[in-house]
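What follows is a set of notes on a single structure, which appears directly below.
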Amino acid sequence: EGEKIVLVSHAPDSDSWWNTIKNAIALAGEQMGADVDYRNPPTGDLADMARIVEQAAATDPAGIIVTIADFDVLEGPITAAVDQGIPVITINSGTAEQSRALGALMHVGQPEYDAGYGAGLKAKAQGADSFLCVNHYITNPASVERCQGFADALGVEMGSQMIDSGQDPSEIQNKVSAYLSANPETDAILTLGPTSAHPTLRALDSDGLSGEIFFGTFDLSGEIAEAIKGDVIEFAIDQQPFLQGYLPVVVLTNLARYGVVPGNSVNSGPGFVTKDNIALVEKYAGEYR
Amino acid sequence: MTDERLREVSRLRRAMIRPELGAIAGTILVFVFFLMIAGDSGMFGPKGIQNWTVVSAQFAIIAVGACLLMIAGEFDLSVGSMIGFAGVVIAILSVQWGWPVWASIIVAFAICLALGFVNGVLVIKTGLPSFIVTLAFLYILRGLTIWLSILTTRQTIIGGVKDVAEGDPLAWAFGGVILKPVFQWLADIGLIDTFTRGTRAGQPVVEGVPMLVVWALALIVFGHFLLTKTKFGNWIFAAGGDKQAARYVGVPVDRVKILMFMFTAFCACVFATCQVMEFGSAAADRGLLKEFEAIICVVIGGALLTGGYGSVIGAALGALIFGVVQQGLFFSGAESSLFRVFLGTILILAVILNTYIRRMITGER
Amino acid sequence: MSTPIVEMKSIEKHFGPVIALAGVSFDIRPGECHCLLGDNGAGKSTFIKTMAGVHKPTKGEILFEGTPMSFDSPRDSMEAGIATVYQDLAMIPLMSVTRNFWMGREPEKGFAPFKRVDFDHANQVTMDEMKKMGINLRSPDQAVGTLSGGERQTVAIARAVYFGAKVLILDEPTSALGVRQTANVLSTIDKVRKKGIGVVFITHNVRHALAVGDRFTVLNRGKTLGTAGRGEITPEQLQDLMAGGQEMAQLEGSLGGTV
Amino acid sequence: MTDERLREVSRLRRAMIRPELGAIAGTILVFVFFLMIAGDSGMFGPKGIQNWTVVSAQFAIIAVGACLLMIAGEFDLSVGSMIGFAGVVIAILSVQWGWPVWASIIVAFAICLALGFVNGVLVIKTGLPSFIVTLAFLYILRGLTIWLSILTTRQTIIGGVKDVAEGDPLAWAFGGVILKPVFQWLADIGLIDTFTRGTRAGQPVVEGVPMLVVWALALIVFGHFLLTKTKFGNWIFAAGGDKQAARYVGVPVDRVKILMFMFTAFCACVFATCQVMEFGSAAADRGLLKEFEAIICVVIGGALLTGGYGSVIGAALGALIFGVVQQGLFFSGAESSLFRVFLGTILILAVILNTYIRRMITGER
Amino acid sequence: MSTPIVEMKSIEKHFGPVIALAGVSFDIRPGECHCLLGDNGAGKSTFIKTMAGVHKPTKGEILFEGTPMSFDSPRDSMEAGIATVYQDLAMIPLMSVTRNFWMGREPEKGFAPFKRVDFDHANQVTMDEMKKMGINLRSPDQAVGTLSGGERQTVAIARAVYFGAKVLILDEPTSALGVRQTANVLSTIDKVRKKGIGVVFITHNVRHALAVGDRFTVLNRGKTLGTAGRGEITPEQLQDLMAGGQEMAQLEGSLGGTV
């Protein structure tokens, strides 16, 4: 009872997507009777994140859950924690191979590049051969991987199709709109989360292009669910963050209590939420989905 | 000093020597530049014009506040955080607590004005530089915003404001567009294009004048009038030029500065409210780095960072330059990560030009 | 003699550990020029700043036309009728002469929400007043920062004189001035006094003080050494008092007795 | 001025009146606070101490540069962007272009010093406020960093530096730890814990002193000596106190300021290099907002934002406070979004305390 | 007469549209005190700033001990041997008296990479020199910002005198000073002159000028009105020249001829 578990993410404070995970660990902690802490670098600086991992290890918890935002940066701190005898589960970004190389018990997540690639394949199947990737957090390496995967699946060189949109909704809307008017032949759009998806929806709406352009996005929210139902967004890539938060807590507590652990990594995504399965998802979008 | 010791200065040159000259020159340059490289990309069609107008108007709203405050000798780094904070307050009150939208907006304005007041009083009473005080508020308000929104909704994006704002007696003043019939008529007589494909085929490409633009224009006119025509404007210059001297001759410097902090906060709240009403959601990361962007507009517009000198028209042109350059780069298809490089370069060139102009005015070497 | 306009009673002023004024009493009557003299650091500027509402006295009482008063800001004292020209001039370099001249009392025209400053009128008055003081301005739009020290001094005095007052305080107004400007200032003091205004005149120059002063108060190390009326004291005595009675350098002879 | 007009000031009070007093008091307070609320969380165990020491050392490295520059009357908002830029330069040169790591490091330092020089020369020659010039560089360098890294690797992160740095003659000076044998010995005699489980069982929990800490100490000692003991230090104070006056008496103000800009850039580059060597990768988002953090440390440490007053020891204590608070809040398990609220509050309290102390020194009211 | 230390030939200086100096010639010889007089805004400060390397002349030639020189910065002129006390004092308020006194020429001890400022020595000298000028400092660590205007003036002069020089320029050094301090400064000028140093002394006070001056040059509106030797000119003539020959205010009588 009361095992202390720490989850260290790479996301800045204001990243809304991580709330699902926060909600999931809160729920899992409550159900399992474990004490789960969420830690993140306030500005999203990965070097700060490494310090937080080291620090989490210094408090000698029953387990650490950590994202592999950057293998190089986190290799030292994570292996040190593993060497110290602390069980580690990796989640979210990164691959199962990297997880194994770090000595983690398992990985629950979705490789960013593959997710982007999967989205690209869907777009290609619809006949897209040019695209726009709206990147609202370009300084974060994972974001570029997603766009890159999408580009590779379409088989086009990635250049100025990935725009550095910034985070201001009005600027995003107008930048998307400007790009589309300068490149009217664009036939697919990928947004990397609600921050860029919502303004993009508005841009398409005010340009009268809603439903005209193939539109895929990462992650879910109320507006995105609405747009999927309205045939504006084709799909949302759902990596089921809930699982990424919930599962590791359950596994780590059970490991601490009974010494049991599953033998394999879990691919929590990419799952594609489309018009067909939206009804189920919608209710908890943004909170548990 | 009599005239014999003055060299001839042409009338033209004298007329040109004004704070906003640099910004005027910059605006012309920027337009010529983009007309050349992106003239055929739709940037100067009705839709394109609306595009950069809206972006510029956003910058202008916060730039007017920052401009008056800067002329009064202070500046406010908490503008960006205040934008995020005000938005989240409106969304929590209206969506989570179920208050009417107009009440939420009024409360948000009241809170922002109070925060501006606190900023001002802290700066005045402690004698600390406003950089430090408002930097502290940059952190405090951003932290509170994130904490509040997670506490009440478990999310950092709070949506659904659009639904509750339907038919609200105040919300229309911040979202939406006006003059729709005029634009419809313009489209009918063929002066603006209509959509040819998509869901809106047949409608004019520009629906009307967004309220955002109306607010920007109103604030610019108000700020300009206040600064150049009124007694209070003279005091703003005085408070920023030399606060000790101003105080000696009886200018209520403290009151002027505190009011300007409140005005800046008011502008930030207008910005936030417009954004919430237009996008129907508030997020904890809204307004990030907006404080710098406001300062950049103001400085491009010819104001002196140390106070006592500047013009609202200049700041508005600075906002226009900022908006046009940002959007223009997208229209012209330049690599978007280079935007920051352009922005920095323009900033430096603009201030160098402005400094040269100011030296001509004051005659210093 | 008429009752004093302002009467200051045993004023003390401390700055942290520094005691700048240790009980100074002083009064100023209508139509007189009261000279405040004293060594560097004697506390003259501190004293008149207390009178003008810039500093609040640590101890002591200020009576304005017989009633106790407490000035919280320069604005208060100005409104009561005390105009001051400070040693560190109250001018804003980047602003025009007109705007500086009218600062704090801009003339307005138009009606309520659209009240505007009446710049035409303001410019006209400024040019006229400066001409009266012997300075021909290039244009009223000229920034004050481009004027020489003496020219600025003149703007400050012209402003104080123009806005009339019951008491005019001048803190070393002549120290930076040329011969002609000095003569101008002295004759202005004379004119102002004749209008029934009380003038407080601070100077280090015995000759300037004697030229226009009616009474002379000497400060030394934050205390009053005494007040003398015109004719009750010789220039040499006054100079000795101002120097604090200490030995003077040997050059005196060639200066003809007074510095 | 003679003594009769001075009230008694106790010897103790006089001895206490120094720029870093506020920071000293703050440090004590912060330690007492965390000993109370997080004393048993491992924060003050060897591993915990190492953790906040390293974080504080990081802040200290940039704070020393920012401190000297601020005392010289300028400040540099491009520090954070420069950290990102320097890291990416090292990674591109060594990993992508295959240069030896030592050469890449030297080139990165050369570029940073050159950038510091450009910053300085622009500020001096144009007479612009450093806020504006370095704000421009904040944007320009961040833009270049993103653009360069995407251009060469199609990613905003470049890894693999660790492999190429193996056995490099210079890389060890920035990554890794020293005094390993001492710590092994301390562990052997039982002064520090050893790991009790895992693959490292038996090894000391703290391996040695990280080079980052060594650099921080070296820079603090250097900065303190320079500022308080040397002629050049006097000139730094003078340049920041009143540059016109300093110039009149023959202090080479321009040279002093430019050198301080270069020193700040040097510190940023040390920071970047240590980070790249330790983590083996560089990313475009490194150093985000570090400029503010450096300024906050310096201001908490008692320096005056307007220049001419401050102390390196104070800045170092400011960095310690910042580091301990940041890590301490994590140790104590407080809600992390409230960290910013704390930080802002501490900042305001610290400057108010410092202002009070400074007023006692100068005797102003 | 000995050859001049500094000779300035037809110096012109323009600030944008303002012509501050329209061809001024001037020289200073060892052991003399050359007074530079003139109305406000005549260009005196501008002229000596040109001599001190603060401004570069727009036109004209500067000869230092016979060879043409061009000073790029105050440092250059200081190194050549020109020490200047500016009208706007070159003092840094937040720094201690000692640090201000030695600014730019700090005494050092120790060896190469660890050279330190010798504060003990510096403090000692500062206290001594200030005492010689008649000011007893509380402590050499006191911030200059806490001194009165006159006390600061004295620090600036003491510094210039202490560091000796071939030419000492004083721009209105007495304007803010009390009687005793003024007498001190004048006697200091006398002492310095006797050591063979050339002194350029700017003042508005005819009596101060006559007390110590050997030659008198009057500037008016950026031009020289002429140079006169001691005894070649009466105080009244000099005063008339300084006022630019224009009509004087009527107070003159009571001032005994000179202001």
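Going by the order they are written in, the chains are A, B, C, D and E; count residues from 1 in each one.
Rule of thumb we're sticking to: a residue touches a chain if its C-beta (ideal position, glycine included) is under 8 Å from a C-beta of that chain, and two chains touch if they have at least 3 such contacts.
By chain, UniProt protein names: B, D = Xylose transport system permease protein XylH; C, E = Galactose/methyl galactoside import ATP-binding protein MglA.
Just so you know, these numbers come straight off a predicted model, no measurement behind them.
In terms of the stated touch criterion, the partners common to chain C and chain D are B, E, listed by label. Note on connectivity: the fewest chain-to-chain touch steps from chain A to chain B number 1. Inter-chain spacing, taken between the CA centroids of chain B and chain C, is 44 Å. Centres computed as Cα averages put chain C at a distance of 27 Å from chain E.
Once the centre of each chain is set as its mean CA position, chain B and chain E turn out to be 50 Å apart.
Across the assembly, chain B contributes 1-2, 6, 142-143, 146, 150, 335, 337, 339, 363-364 as residues in contact with two or more other chains. Residue positions 13, 138, 164 of chain A each touch two or more of the other chains. Residues of chain E in contact with two or more other chains: 18, 41, 146-148, 151. Contact residues of chain E toward chain D in the complex are 52, 54, 73-75, 78-79, 84, 86, 88-95, 99, 102-106, 108, 114-117, 135-138, 143, 145-148, 151, 159. Interface of chain C with chain E (complex): residues 18, 38-42, 45, 87, 146-151, 153, 172, 175-184, 186-187, 190, 204-208, 211-212, 239, 242-244, 246, 248-252, 254-256, 259. Partner chain E is touched in their complex by these residues of chain D: 1-3, 6, 225, 229-231, 233-235, 237-238, 241-242, 244-252, 304, 308-309, 361-364. For chain A in complex with chain B, the residues that touch the partner chain are 12-16, 19, 22-23, 138, 159-160, 162-165, 167-171, 174-175, 177-179, 181-183, 194-195, 198-199, 202, 205-212, 221-223, 286-287.
The residues of chain B lying in touch with chain D in their complex are 122, 126-129, 131-133, 135-140, 142-144, 146-147, 150, 292, 295-296, 299, 305-306, 335, 337-345, 347-348, 351-352, 355.
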